[in-house]
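Each of the next two complexes has subunit A plus one more chain, namely subunit B in the first and subunit C in the second.
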Partner chain A sequence: MDRNSTGLVFVLPALIVLAMLIAYPVAYTGLLSVTDRQGAFVGLTNFKAVLSARATPQAFWNTIWFVGGSIVFQVILGTATAILLNQNFIGRGIVRSITLIPWVVPGIVAATTWAWMFHTEFGIINYMMTGSGIIPEPIGWLTNGNTVMPVLIAINVWKLFPFVAIMVLAGLQSIPNDLYEAARVDGANFWQEVRFIMIPQVRSVIVAVTLLLVIWGLNSITIIYAITRGGPANRTLITPIQIFRLAFESTQFNQAAALSVIFFAVALVIVIIYIRALASTPGEAK
Partner chain B sequence: MKFKTLAVMATAMTMLTSGVALAGEVVWWTPNFNEARARELVTKFEQANQGIKVKLEITTTDGLPQRVLTALQSGAAPDIIDVQHAWVNGYAQNGLVVAVDDVLKDREDYIPASLDYGTWNSKLWAIPYRIETHAVIYNKGAFKDAGLDPAKPPQTWDELVAAAKTLSKGKVSGFAITGGGEVGNTIFRSLPFIWMNGGDIISADGKKAVVNQPAAVAAVKFYTDFFKNKQSPASTLENDGTANRRLFIAETVAAYQSGQFDVASIKKENPKIDIGVMQIPHPAGKPTAALLGGWSFVIPSSAKNQTEAKKLVAFLAEAPNQGALTDTFPARKSAMSLPRFSDPILTVFKEMLPYGRAAPNNKNWVQITQAYFDGIQRILLGDEDVQKAMDGAAKDIQALLDQK
Partner chain C sequence: MSDASTLKRTGLPLPITIIGAVIVVLICLFPFMWMGVSSIKTLPELYTVPPIWWPETPTLGNYYKVLFESNIPRYFLNSVIISVGSTFLALILAIFASYGFARFDFRGKPLLQSFVLIGQLLPTAAIIVPLFITLRVLGLVNTYWGLILVYMIITLPLSVWMLTSYFKAIPVELEEAAIIDGSSRLGILFRITLPLSTPGIVAVIVYAFVTTWNEFVFALCFATDSSVKTLPIGLAEFSTEFNTDWGAVMAASVVMTLPIAMLFFSMQRLFVGGLTAGATKG
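Up next, the complex of A and B:
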């Protein structure tokens, strides 16, 4: 036994576990997508069925909106918070801890609480806004086709911006002080420090965090499912929820598998484009 | 040598974790509202059948369909599961449960619609034990305040519309419909109106979507107009049956459709309300209708102790035991004469039972109802008028019916 094959023996258990937990489900999903309930091969029938459903394109666009909208605000708000928390002020430790709360709260708890707060009749948000005269009568935040998606994006941003903030803050703290001192000697003000030192230095962190947010966003189901279940009239139906509904509410496991395969391909393309576009940009601090 | 010890230990561990239920021990999943009564019945059964042990596992209704489905698919299911009637056909068509024709006794004693649900391929796949339908629960005080006679509730659609109009003033909504929550809430409340008007969602042979035909469209218009005309709360699109009950308890809703299970919690949370119950109003000259709901026992194909499980199900299906276990009404007519079902507030709910119909047994029923529900929501959102929304729903449903 040479050195290499000895090493192989040691990683074998881990490889077997990985294969069982990842490769097998992936392969099995592929198999399910081209068979029927009895396991007979049916070609692309399942793909045709899911692609012809009216909900599929709508869910796809909703997913783009939800993920795109969430990420833009998560990154902007998270980075701004990180820059703020990087300053010296009294009570910084406490503020840093409080900022983390939304991220620590379990998703289902947060979602249910928000659903209640936004409820037309019982919700505290309508109560406070009508009470103070900002709006004349209660708004159906979660039932109005124009407000429901922005509200869900806002909740998702609230939930995940602390994660961005903490990651960027860690990046900011690793910037050597010399850079700031040199900039100040040159007469740079705060905004110039942000623009020419902080942002370029944490760029790689933001790129990595955004990629994580894209992946999480494409998989997110908790917040929307707990609040609207994809309604009203599919206004907030995103593809992961459509897959969940097909499999576990309609027991159409084969169609759900077909949709998963399509979604996997789309997600893969998005991630590859993203990595190509951002990781290869010249001038990045390595 | 060492490897052998390890293998033995691993096997022992696996057996310890997966083999908690011993052979001969029947595992029965029942929802939490059945727990106390189920325990009594289990004790009785164990005394009569020495050698069979029953292990009760308590489930909760929230998320239960997913949990049951996962257990059935995993191949390591319990021996008996309490499920809602409407779920049974999906299990039967996927080969997840076993036929129970040999367990059923006194077929003619059962309310026929309850057996319709569990039937597929001319075999019976579940034993129903609990049935219920909706009626309309109303606030007698609100009727008096509005100048209506609480002893003479509306009987026809026109009378209901007139009453809802009179009852709706200030913060009070006259007749609350549902337009949110789980799909089933709105199916249970709107499908009976379609039925009593002579329409349906799909044709009897399951080949054609008929939800955009005049009879169905008129009924959907009747249903959704309560919201359009502001007789149902502004929050209708996010309200399910539970939300309507809470609004009724808060006295902002004067009448809504529900089952007898709501009565106890209304009495407890707002004892001031004088509760009235009326039959679901029908179009003049046509009989009323209701969707029959309730619970059945299924025995999973992967159950380890099917013989013992069948014995227990047969025991639970005896009329007095059904009468003891059910939270609402028993599926057997002979059990209905038990004293607990003679409470006067139950009278109207009992009168509704013969009008109860089973939902169609179509393998895509959940998706069909989802397409129909999306149409209802489009109407409530103001996106589309009734005819257009139901045309769209019919197109989606037809595509599902044409699938092989």
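Up next, the complex of A and C:
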């Protein structure tokens, strides 16, 4: 059997579909980014226009802040939840399923429900927080430039920490019992088991999940777009939304394409650095 | 095979576990409780300060509005067709591609694998304009097939990635034995590899269905006609920038969430219980 061609035949259908839907649009985006509306070649004009726009650096930092902030809490809360759900207790199965609900529900549902809960006048969150004395008076969570980004990060964390939890839990479940037994013979307590057995054993899962979270974070539009559309005063404008608005609200397709090229390049560099850093760390479980 | 007596662990103290579980459940469920309560409130009860926990006169008026005076039922049908179609297509393509990646060595494999992963990396907003042009050339704008195909971009890469690792986890010796017995590659794939990867297949199905059911941005751009619009767009239509009918929005949210929650709970045993167990532990 010619292993070379057989493998390729299996892989080919998926590759053709992806090439049609990805390679072609990517190439077309590249073309759009160096032409004007009439299709004439204009060199780097679009790139200059986009880079000199005041919103661009702001959106860039907002994106870093949003993605980075989300991931830190998603991983910490997700891992903690996974360890909790790996314990033996009555009703564990139900709690496991319930934990997954935020991840399963549509982003737009999460966005509208949280927007309603964070409503300045009629929202339940202001009511609970003023009622219990945590804040003296209602806060305009989604209209105040200082609170809106942390709130959106919190909503995003709520939405995706279950995914981390389920993946890490799966990793925890595949740890052989011998390891725990050996540790117990040595008199290890729970926290030592967490530190020296669980975390090292699920490290590769966490690494893979984090990469996914980075990618999803860089792609996330729904929650922010549905709640604030990037406002107030561009405080929650992230680059994907800036691209979307350039293309469909200002109909600057060529500038949007130029920004897409820059964004894609930066995203690619981040991911490559991440993968390289992983490849060089020793002790990677295979 | 697992022996119950060896499963006892030192573990967290039970009270801490219980408290932690209660907190997790509250955090995860509270927004849905509030969504449900809000959906049966009348307008004056929605807009009161302070908010009331339980409506004095629960009403189904919001649901009536959503189910009989809006396009939501039609969008619901559209969502079902598009999600089922794209999940099925992604699963078939992913099974073959993953098997090829997991079991064969061929020239350019690392490159092709990273190409698949890069698909997941693309900023969706970045390719909407060229995608729109592509779909228009193919005559697929505002059709079911258009969205079904486009959703391959978001479901296929991760599905291939997940299934490849599942297939790799299955001992190659099982397949070698079958090859010696004269099975074809396809026979091995469908009779040995797939049955052993059931949790992986279920994970892919659930992932692909949930992702497409929930997708917002592509649907917003490629399905502008009410004959193909999906539920997320319908929900967004309820809340315009200046005037949001929160009661109807919450009722529509419930309608949109219920089926996916039910699907998920029915699959949950397979999905959660055996996410990695099946092939590796046996």
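Structure notes:
Convention: the second predicted complex is superposed on the first by the 267 of 286 C-alpha atoms of A that agree within 3 Å, B and C clash if a C-alpha of one lies under 4 Å from a C-alpha of the other, contacts with A are read in each partner's own complex, and residues count from 1 in each chain.
Keep in mind that, in the parts below, contacts are C-beta pairs under 8 Å (C-beta built on N, C-alpha and C of every residue); 3 or more make two chains touch, one makes a residue touch a chain.
Every value quoted in this text rests on a predicted model; they were computed, and no experiment measured them.
When the two structures are aligned on the shared chain, A:142 is found in touch with subunit B, with no touch to subunit C. Of the two partner chains, subunit B and subunit C are each touched by A:121.
When the two structures are aligned on the shared chain, A:89 is found in touch with subunit C, with no touch to subunit B. In the superposed model, A:248 makes contact with both subunit B and subunit C. Of the two partners subunit B and subunit C, more subunit A residues are in touch with C. Of the two partner chains placed by superposition, A:61 touches none, neither subunit B nor subunit C. Within the superposed three-chain model, A:219 lies in touch with subunit C and out of touch with subunit B [touch as defined at top]. Overlap of the subunit B and subunit C contact sets on subunit A: residues 121-122, 248. Taken together, the subunit C residues at the contact with subunit A in this complex read 2, 6-7, 9-12, 14, 17-18, 20-21, 24-25, 27-29, 31-32, 34-35, 38, 46-51, 93-94, 96-97, 99-101, 103-107, 109, 112, 115-116, 118-131, 133-134, 149-150, 152-153, 156-158, 160, 185, 210, 213-214, 216-217, 221, 231-232, 235-236, 239, 246, 249-250, 253, 256-257, 260-261, 264-265, 268, 272, 275-277, 280-281. Listed in rising order, the residues of subunit B touching subunit A in the complex are 65-66, 69-70, 90, 93-94, 179-182, 233-238, 246-247, 252, 364, 366-367, 370, 374-375, 377-378, 380-381, 383, 392, 395-396, 399, 403-404.
Contacts from subunit A toward subunit B in the complex involve residues 37, 45, 49, 52-55, 119-122, 138, 140, 142-145, 228-229, 231-235, 245-246, 248-252.
For subunit A in complex with subunit C, the residues that touch the partner chain are 1, 3-11, 13-15, 17-18, 20-22, 24-26, 28-29, 32, 81, 84-85, 87-89, 91-93, 95-102, 104-110, 112-114, 116-117, 121-124, 127, 131, 158, 162, 166-167, 169-171, 173-174, 177, 180-181, 184, 188-190, 193, 212, 215, 218-219, 221-222, 225-226, 239-241, 243-244, 247-248, 253, 256-257, 259-261, 263-264, 267-268, 271.
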